[in-house]
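One structure is given below, represented as C-alpha cells, and several questions about it will come after.
Which chain is which? They are A, B, C and D, in the order written, and residues in each are numbered from 1.
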C-alpha cells in the first residue's frame, strides 16, 4: 500500500460515514448506549468493591486482658501487639473508659459503679486494626498467645458473614461486568453488521471492478474504528460527567457511602471504554464484510 | 382491510423474515441481549430491595429498665410494650442473662460476678421488634414514655446509616432500571431502524406500484412484533432459567443472602419483558418505515 | 376532455438542471404515444411526473380531470393503481419471486386470492416468462427482468400503461412480441405511453410521436417516425 | 496462442438451468467480437465467466495462457483489472459521484492522484458526461448511467473490454458515438467483446459475430450480421 492510498482511505471512510450519515448515527448511538451501560456498571462495581473493602478494613479485634493485669503490663502488651506483623493500629481502652461506655449503654451512669460498690469489674482491653482483612484470624491468634491476654474477640460470626457477603458481591460484580461486556460487544458487532449489510452490494461492485480485499477492507475498518471511537467517546464523556455529578450530589451526605474519588481510576476506565469501543468497532467491521468479500 | 388480506400480511411478514434471515437473526439477537440485560437487572434490583427490607426489619429496639425495678414490674412493662401498635415481638432479657452475656464477652465468666461482690449491677431489658422499620423511631419514643423504662436504644446512628444506605440503594436501583430500560428501548429501535434501512428501496418500490401506506406498514409491523417477541422470548427464558440456576447455586449457602423465591414475581417480570420487547419491536418498526413512506 | 394534460410543466432538479422545460401536451384516452429524444432529454422525468414520483416546479398536470399536484397523500396510491408502469430500471422487489412481484400489483387492490393465480400466470405467459415464475429477480437475465416488469404493469388491466424503454434489453424477436402485446392492450382501450430509443419500432408502427430535446417539446406528430431534430 | 479460450464450457444455475452448454470458442488479441442471441441465451453468463464472477461447472477458460478457474483468490483482482467491464445493470457505486465511480477503477491500481483527474475527465468527455461528473448515479438518466459505466470500463486502458448491452439505454446518435469510441479503442489494440441486441449496429459494422441460443453456440462468423437462427 502506498502512502497516498492511505490518504484516500481516510477520505473515503469519512465521506462514506457522511453519505450514510443517518445509518452512521444509528450505529454510533448504539455503540454509545452499550458502552455507557458498560462504563456505568464498571464504576458501580468498582465502588461497591471499594465500599466492601472499606467495611472489611473497619473490622477490629478486641483483645481483653486479664482483669488483674496492672496498667504497666497493659502498656507493654500494647507494644507487643503493635510489633506483630500486619497490625496497623492498636488502642488501649483502660477499664475506666470501658465502664463508662458500658454505663452509658444502660443509661444509668452512676448507678453501675455504685451498684458494684466502687469496684470496677472490667478488664483493660486493646482495639486492634489490621492491614489486610484476610489476616485478621491469624493476627487474633497471635495476640491470644501473648501472656496476660484473657480473650480475643473479633466478632467471628459477623466477620465471616460480612466476608461471605463481600465475596458474593465481588462475584456478582465480576458476573455483571462480564455479562455487560459481552452484551456490549455483541450489540456493537451486531449493529455494525447491520450497517455493513445494507451496503453489501457496494462491496460486491468494488470486487467486480478489481479491488483487492484489503483495498475494500481499509475504509470499512476506518469507518468501524471511527464509529466505535465516536460512540464510545460520547459514552465515556457521559460516564465521566455523570460520575462527577453523582460525586457532587452524594458528596456531603455520603459519609456512609465512601465513593472512589480517585481521578486516575475514572480516567483509566473512560480511556478503556474508548479504546475498547474503537477496537470492537474496527474489528466488527472487518469481520462483518468478510462474507461479502467472497465473490 | 379485508380478512384475507390479513392472512397475506402474516405470510408476507414470515417470508420476509425468512428471506432476510441473516438480518432478522442479528436484529432478534440484539433485542434478546438488550432485554436479557434489562431482565437480569430487574431481578437484581428486586432482590437488593428485598434484602434491604430484610435487613431493616431485623433492626431491634433495646429498652433498658431501671435497675431497681422488680421482675414483676418488668413483666408488666413487657405486656405494655407488646400492646403498642406496630410491635411484633417483645423478649424480656432478665439481668441474670444480661450479666452472663457480658461475662462471656470479656472471657472471664466467674470473675465478673465475683468482682462485684455477688451484686449484679445490670438492669433487665426488653428486645423489641417492629413490623414496619419506618416506625421504629415512634415506637422507641412510645416505649421510653412508659414508667420504669430507663433508656431506649436502637442504635440510632447505625439504623439511620442503614436506612440511608437502603434509600440510596433504592434510588440507585430505580436509576439503573430506568437507564437500562431506556438503553434497551433505544437499542431495539436503532437495530430495527438499521434493518428497515437496508430495505428502503423495497418500500419505495411498493409505493410506486400503488400500495397504500397501511398496506406496506402491516407486514413490517408484524415483522417487528415477531422480532421483538422472539428476541425477548429468548431473553425471558434465559433470565428465568438463569435465576433458577442462581437460586439453586446460592440456595443452601445463602442464609445471609435472602433471595426472592416467589415464582409469581419471576413469572410476571419475564412476561413483562416479552410484552415490552414485542411492543417496542412493533412500534419501532412502524416508526422506522415512516420516513421511507414519503414518496 | 383529454385523459392526460400537461400545462406548461417545468421540472428542475437541484442544483440547476432543467429536465422538463415548459412542456404542454394533451393525450386522449385510448391513444398510443411514443416518447422519443436523446439520452437525458427528459423522457423518464415526464413519466415520473405522470405517476407523481416527482411533482413539477411549475405548471399543472391533469389526469382524468384532477390536478395531480393537488392530490391528498391518501389519493396518490389510487392514482398509481390505475397506471401500470414499466420502469427503466425495472424496480422489482429483490426478495420476492417473479410470481410474487407480479401478484403484488393485484394484492394492493385486494384482489380475491382465487383470481390472483390465473391472472398472474396469464400475464407471465404473455411476456414469455411462465417458466421463471419461481425465481428471484437477481436470478434473471436483463431481458427477463424487463419482461417481469412488463407483466407487473399489465396484470392489473390499468387504464393507462406507461413504459420506459420496455425493449431496451430485448432482442428484436422478443421486442416484436412485446410490441404486439402493447398494441393489443391499446386496442382494448388502454392508453399507452412508451419512451423508447428503438427507431425501427417507432418507424414501423406509425403512431403518435412526442419528441423531447433538452427538456423541451420539439415535435408532436400524429403518425410520426423516430427523430428529434427540431 | 489466443488471448481468450473457452473449452467445452458449461454453466448451470440451480435448480436446473443450463445457461451455457458446452461452449468452445477462441478470441484473439485485438479482435472485435459481437455476442448476440435472444433474451436468456447466456450472453451475460458468458461475460460473467470471463471475469470470474461465476466459475463454470464443466470445461476450462484460459485467459492470457492461464486457467482462470485455477486462479488463487488474490489473483482474481489482477485479472479483473485487466478487463474493463460494462455491466448490463451498470453497477455504479450508489454513494459516490460519477467522477468517483470512474476514478475508482484507477484507484484500485493505485494510480498517482495527479494522473487521476485528467484521465477521468478525458473518459467522461469521451462518453459525453463531463457536465455530470459531480452527480450521483440516482440523479442520472438511464442513458447517462450507462455512459458512466462505459467511462469506468475504459478509463484504465484495459487489455480486454467487455460490454454487456452498452447501448441498450441510448438513442441512436449517442449509440453511434459510443460505437465509434469502442472501434477506436479496439484499433489501439484492446480486445472488445460486446453483447448486444442492436441488430442495426451489428449489421453495419461487419465484425466477428458469435451467436448463442439456449446456451449453445449456434454461429461464429468472421464478418457476420445480426441473427441467431442456426
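The criterion applied here is as follows: a contact is a pair of C-beta atoms (placed from the backbone, for glycine too) under 8 Å apart; a residue touches a chain by one contact, two chains touch by 3 or more.
Everything numeric in this text was worked out from a predicted model, so none of it was measured.
Looking at chain C and chain D, no chain is in contact with each of them.
Each step here moves to a touching chain, and the least such steps from chain B to chain D number 2.
Chain centre most remote from that of chain A: C (centre = mean of CA atoms). Centre-to-centre, using mean CA coordinates, chain A is 67 Å away from chain C. With each centre defined as the average position of its C-alpha atoms, the distance from chain B to chain C rounds to 63 Å.
Chain A and chain B have Cα centroids lying 22 Å from one another. Not a single residue position of chain B touches two or more of the other chains.
Counting only residues that touch two or more partner chains, chain C has none. Taken as a contact graph, with one node per protein chain and an edge wherever two chains touch, the assembly forms a single closed ring in which every chain touches exactly two others.
Contact between chains, as defined at the top, is found for A-B, A-D, B-C, C-D. On chain D, the positions that touch chain C within their shared complex are 13, 36-40, 43-44, 88-89, 139, 141-144, 146-147, 164-165, 168-175, 197, 199-200, 226, 228.
Those residues of chain A whose C-beta lies close enough to touch chain B in the complex are 22-23, 26-27, 29-30, 33-34, 36-37, 40, 44, 64, 66-67, 102, 105-108, 111-112, 115-117, 119-123, 125, 150-151, 153, 161, 164-165, 168, 172, 176, 179-180, 183, 186-187, 190-191, 193-195, 197-198, 250, 253, 256-257.
Against chain A, the residues of chain D that register as touching in their complex are 51, 53, 73-74, 77-81, 83, 85, 87, 91-96, 104-105, 107-110, 112-113, 152.
For chain A in complex with chain D, the touching residues are 1-2, 4-5, 8, 15-16, 19-20, 201-202, 205-213, 215, 295.
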